[in-house]
Amino acid sequence: MSKIKAGIIGATGYVGVEVLRLLINHEEVEVTAIGSNSYIGKNIVDVYLSIGYENSMVCIENEKVIDMCDVVFTALPHGVSEKFAIKAIESKKKVIDLGADFRIKDEEIYSEWYGVSFIDKILHKKAVYGLSEIYKEDIKNADIVANPGCYPTSISLPLMPLLSSKLIKNNNIIIDSKSGLTGAGRELSTSSHFTEVNENITAYKIGKHRHTPEIEQNLSEAYKENVDVVFTPNLIPVNRGILSTIYCIKEDNVSIGDIHKKLTDYYEYKDFVEILPLDKITSLKNVIYSNKCVISVHENKDTLIICSTIDNMIKGAAGQAIQNMNIMFGIEETTGLKHIAPSF
Amino acid sequence: MSKIKAGIIGATGYVGVEVLRLLINHEEVEVTAIGSNSYIGKNIVDVYLSIGYENSMVCIENEKVIDMCDVVFTALPHGVSEKFAIKAIESKKKVIDLGADFRIKDEEIYSEWYGVSFIDKILHKKAVYGLSEIYKEDIKNADIVANPGCYPTSISLPLMPLLSSKLIKNNNIIIDSKSGLTGAGRELSTSSHFTEVNENITAYKIGKHRHTPEIEQNLSEAYKENVDVVFTPNLIPVNRGILSTIYCIKEDNVSIGDIHKKLTDYYEYKDFVEILPLDKITSLKNVIYSNKCVISVHENKDTLIICSTIDNMIKGAAGQAIQNMNIMFGIEETTGLKHIAPSF
Amino acid sequence: MSKIKAGIIGATGYVGVEVLRLLINHEEVEVTAIGSNSYIGKNIVDVYLSIGYENSMVCIENEKVIDMCDVVFTALPHGVSEKFAIKAIESKKKVIDLGADFRIKDEEIYSEWYGVSFIDKILHKKAVYGLSEIYKEDIKNADIVANPGCYPTSISLPLMPLLSSKLIKNNNIIIDSKSGLTGAGRELSTSSHFTEVNENITAYKIGKHRHTPEIEQNLSEAYKENVDVVFTPNLIPVNRGILSTIYCIKEDNVSIGDIHKKLTDYYEYKDFVEILPLDKITSLKNVIYSNKCVISVHENKDTLIICSTIDNMIKGAAGQAIQNMNIMFGIEETTGLKHIAPSF
Amino acid sequence: MSKIKAGIIGATGYVGVEVLRLLINHEEVEVTAIGSNSYIGKNIVDVYLSIGYENSMVCIENEKVIDMCDVVFTALPHGVSEKFAIKAIESKKKVIDLGADFRIKDEEIYSEWYGVSFIDKILHKKAVYGLSEIYKEDIKNADIVANPGCYPTSISLPLMPLLSSKLIKNNNIIIDSKSGLTGAGRELSTSSHFTEVNENITAYKIGKHRHTPEIEQNLSEAYKENVDVVFTPNLIPVNRGILSTIYCIKEDNVSIGDIHKKLTDYYEYKDFVEILPLDKITSLKNVIYSNKCVISVHENKDTLIICSTIDNMIKGAAGQAIQNMNIMFGIEETTGLKHIAPSF
């Protein structure tokens, strides 16, 4: 079989280059084009030396990428991907958007949080939300996939099966998430300046983070009723990883054992989600540099506490995008994504 | 006026040496004796080079410290301080215990969480809980002060005034705290090994941390009714500092402005507690290496979110102990504690 | 072709588990046995959760590993590997020793630095020093390989070609190396305690580090005359990576361009060594989590400055061991080792 | 005695705000004005929250600072201080310049490295180089002090006494320095972006760092002959601190004991320089957040190795500037600078 030709639009941002790094070693893929806005004509190695001269590749205009590939990964700020997606779909190419443009189904909510409107409403209807473990069947036949946000991935994977089976209540859900700095990307800002971040932790965008409507959309869909959450993201001084600590209330007569069994059963045959035994607590070490989501469940008084960990750049972005590509192209879901998290 | 003669029992642990470091530059104090269990006869500089040869001082047996001072700071594991405290009080010395021995008033609860009983029940009655800003009047006349735990300090300072004025409800209080590694002390363990901690974050002792009954005791005393909390501590890869993120519910018709005003008024003339303006979020940078507690308040939907930050070794331990000593000896409360948190 | 059966003796130390982590995804290898001293009967996942339950494997006695495999990796403290190696060779198994037992050819020097003697002098003669790029031809036919130390790898790769071609002098070689903490292993010690390492840097074992005779042996062999070095290792607050900064003197009439060309030519067809263009400076980001050694060369006045970077756990230990296994078994040298260093 | 009125020009940069932080608690000083270029009219607390609302102070135009104080600290990029210094001296104010404008005596060398010329050559002659321990007598009577660079301070303190007494040779001096990120200041750049710095170390400006001529000027003045150095600075992932590792050659018949005795004697009565016993190695922990320079000496073969540690922001900038102010105004040299380095 000939290899899948993949192109990356926005390849010089953190997410874009992570897609590239993982695809270079993907045995069924050939990266045929990488696009950039700011580095056209420049070798990717001169932007990220770590990619290595043996993987030299020159950035072209984003506009020119589509024609050169079977599948295009768009890794762009919100509001910018849609026009590329429209063009790609017209050209009969598959699209995996790592930005926010196709994640929110309800245009009103999207506009309220992101300040822009849908351009092609029909395309938004066609877009499949790419939470791989939950929507695999839909992803198989998708032409365009909206790759989930990092926080929503870490939160939806444990909560959706519990909400859809009504094991937990749909109110009083409080989420305290902690993220590494790669989540803030490559753009310079005081809040990403080394001396500001190091030896510090800070909450940010309390009640205002744009992943909130995405989280609520997923949870509401699982529960078949509206679900609101209180979501507080924090920045911690690590490069990678998200720990989402989720506080919620079990339904009456539901035990922690029921919760644990539900999740264990649900994810039994899913390669990238692992539910720890009841006496263990997960941490970033279990997931960084891998495509895994590792989850542990706990209780304190009447409150259920879920710790959910992912690598924000892999399962929370580039890795899940490639997992979706694998599903869309009918190849083994774990191809190119088998890295084991290093213990140190 | 002659200087206060201070002694430190357990001076070679992290808390003990921090008391020493701060007292060396305290203009009204002379450190007359430092005791140790493991380093008797050894110079403190050979244990902590950073103390400096100009501050050379030889560790003596803990037992011999009491006779050489007016006030004794005990910085020992729980269950070990009490016998020193008894002896010191018999010798008419003031005692400030930085361990847990005198923090919990209810012996049954203490035994349940700490596995040991009270030895001298009358002394436990006499002991004043040293949350300086709240119990200053009692501390003034105390012979023995139970210095608060680090997490309880960060949590009680914002919550007690709100609970005592019934601005918030006494249920559904969820606390997600993040602490630096000095909180785990000097003892070697895998969970404090550099490669385990660095680039990681992990919750620990979920529902089982010994500061829980202390937090609940303080909050219940403020509310005049039982208050339960869900408390989850996390270890983050920084040396110092605690951020406690507190989720709770406002009483009906209470606005975030009311909350903010209450705290601002309550702490207006307190030097070491600062309530930020409503549009700011606190972070560790505001407090580490200082004796301050800096608090910011926020809301999301119906939930009140409080971010409370302290340096766990200073306001959370050695600094508050010295603040208590200042109060007990009738000297200016801020003496020796004026350090401004470095921005970097 | 059937897979190579690999066993790991000392699989629960940092080096051992890194060999395991890399071998699990090695397409030509099946790990058939992992041995441990302290964790016999315990699942490796209970020691390193990050390995993942899908890779569950129970540790057996180190003594039992040899019979179950074609090649045995010994990852043990010095002085302990040799007896396993003797037994393995007797059983006609291949051995790759990641400890120091077979690195030093001269028994007198070995005894002086390591305090132990050779047991089987003939086996020491047979052992091939596994600096893969330099000794590939010998490794092909080796039954036992002494895998190089981490510092010596980072230093020998740039210096050996320059010394053997007499482009630099053999005196005044000063090496200031900086290493991450994984180099200190899993054993608890104050010098690896988080709060000691974080926000710190310190030189250690100045003039006494046991990698010194290994470095000098390699350089002397290249120069065909005695070469002495001044070697100062430092611990920096990172998990992984070594930067060796090497100061030396060019021979008369040798330009920096000559130096650069020599190294570029020498490593042109070597996959894992990269010489940067003359205007770039290498850093850990180029190599961590990969098997690469990336080198940059510079000059200041008459002094040649070489910056050489590796991941101490991969090219400096487990990765190079697997590279050697690939060479010994005649399979493609890069198999299982193609990971690209993440940029962040 | 009335307090010294101090003003800071450039108070919102890292060095400026560190001068402010230290002066606020200086018992003999009142900060009467803080100037800024970018934050005129803004409260310093809104730039650095950690300064605390109790220390609120509004930034004024840099031009207006001089008239409001007795001594002015200029903390500005090179080439910008001189005009302020000229005006201040005309107004009979004392000046302490924390920039590079007055450090280099030789205009030709200054122009070569900094690309600008002297404006007022006479003022340059009057300026005293403020390496406090070495030039104290000159500083006493100075109207204008050129505060030394951070790297030169860490290097000159150990080397100048050894060179002036001819205990070491003036050639083959190699300096490998490691600095925390505050040295790079508050300005945003990719090289100070958290994810670039964290888990990394990199040399920079090899052979081109502007502190090189300052180091050579100091060493040459001590030796009374030209001294050249090879100087390589590195960035390490810590906020504060410099470790300069200095490799040099002892003169014939000079022992390490002679070296140690020379330094110990020279600094015996200097409060801020400490020479460790011969069996100890210094590290950043001994100096950060203090005004101390801690030095240890070692040898390997014929090479003398000196480890010299300072806090780059205090002894390497703001602290030494205040020490110089103390000397200039005839007050106790250690006033406001007695902080002991925290061990953690």
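Here the chain labels run A, B, C and D in written order, and each chain numbers its own residues starting at 1.
One rule holds in what follows: a residue touches a chain if its C-beta (ideal position, glycine included) is under 8 Å from a C-beta of that chain, and two chains touch if they have at least 3 such contacts.
Keep in mind the model is a prediction, meaning the values are calculated, not measured.
Among the other chains, A has the CA centre that is most remote from the centre of subunit D.
Across A-D and A-C, it is A-C that has more C-beta pairs touching. Between the Cα centres of subunit A and subunit D there is a gap of 46 Å. Subunit A and subunit C have Cα centroids separated by 36 Å.
Within subunit D, residues 14, 182, 195-196, 199, 237-240, 282-283, 285, 344 each touch two or more of the remaining chains.
Taken in their complex, subunit D has these residues touching subunit A: 14, 181-182, 186, 188-190, 192-199, 237-239.
Subunit A makes touch with subunit C in their complex at residues 14, 17-18, 21, 24-25, 48-55, 182, 199, 239-240, 271, 274, 276, 280, 282, 285-287, 289, 292, 313, 338-344. Note for the complex: subunit D touches subunit C at residues 172, 174, 176, 178, 195-196, 199-204, 206-207, 228, 230-232, 234, 236-241, 243, 245, 247, 281-285, 288, 298-301, 303, 305, 307, 344.
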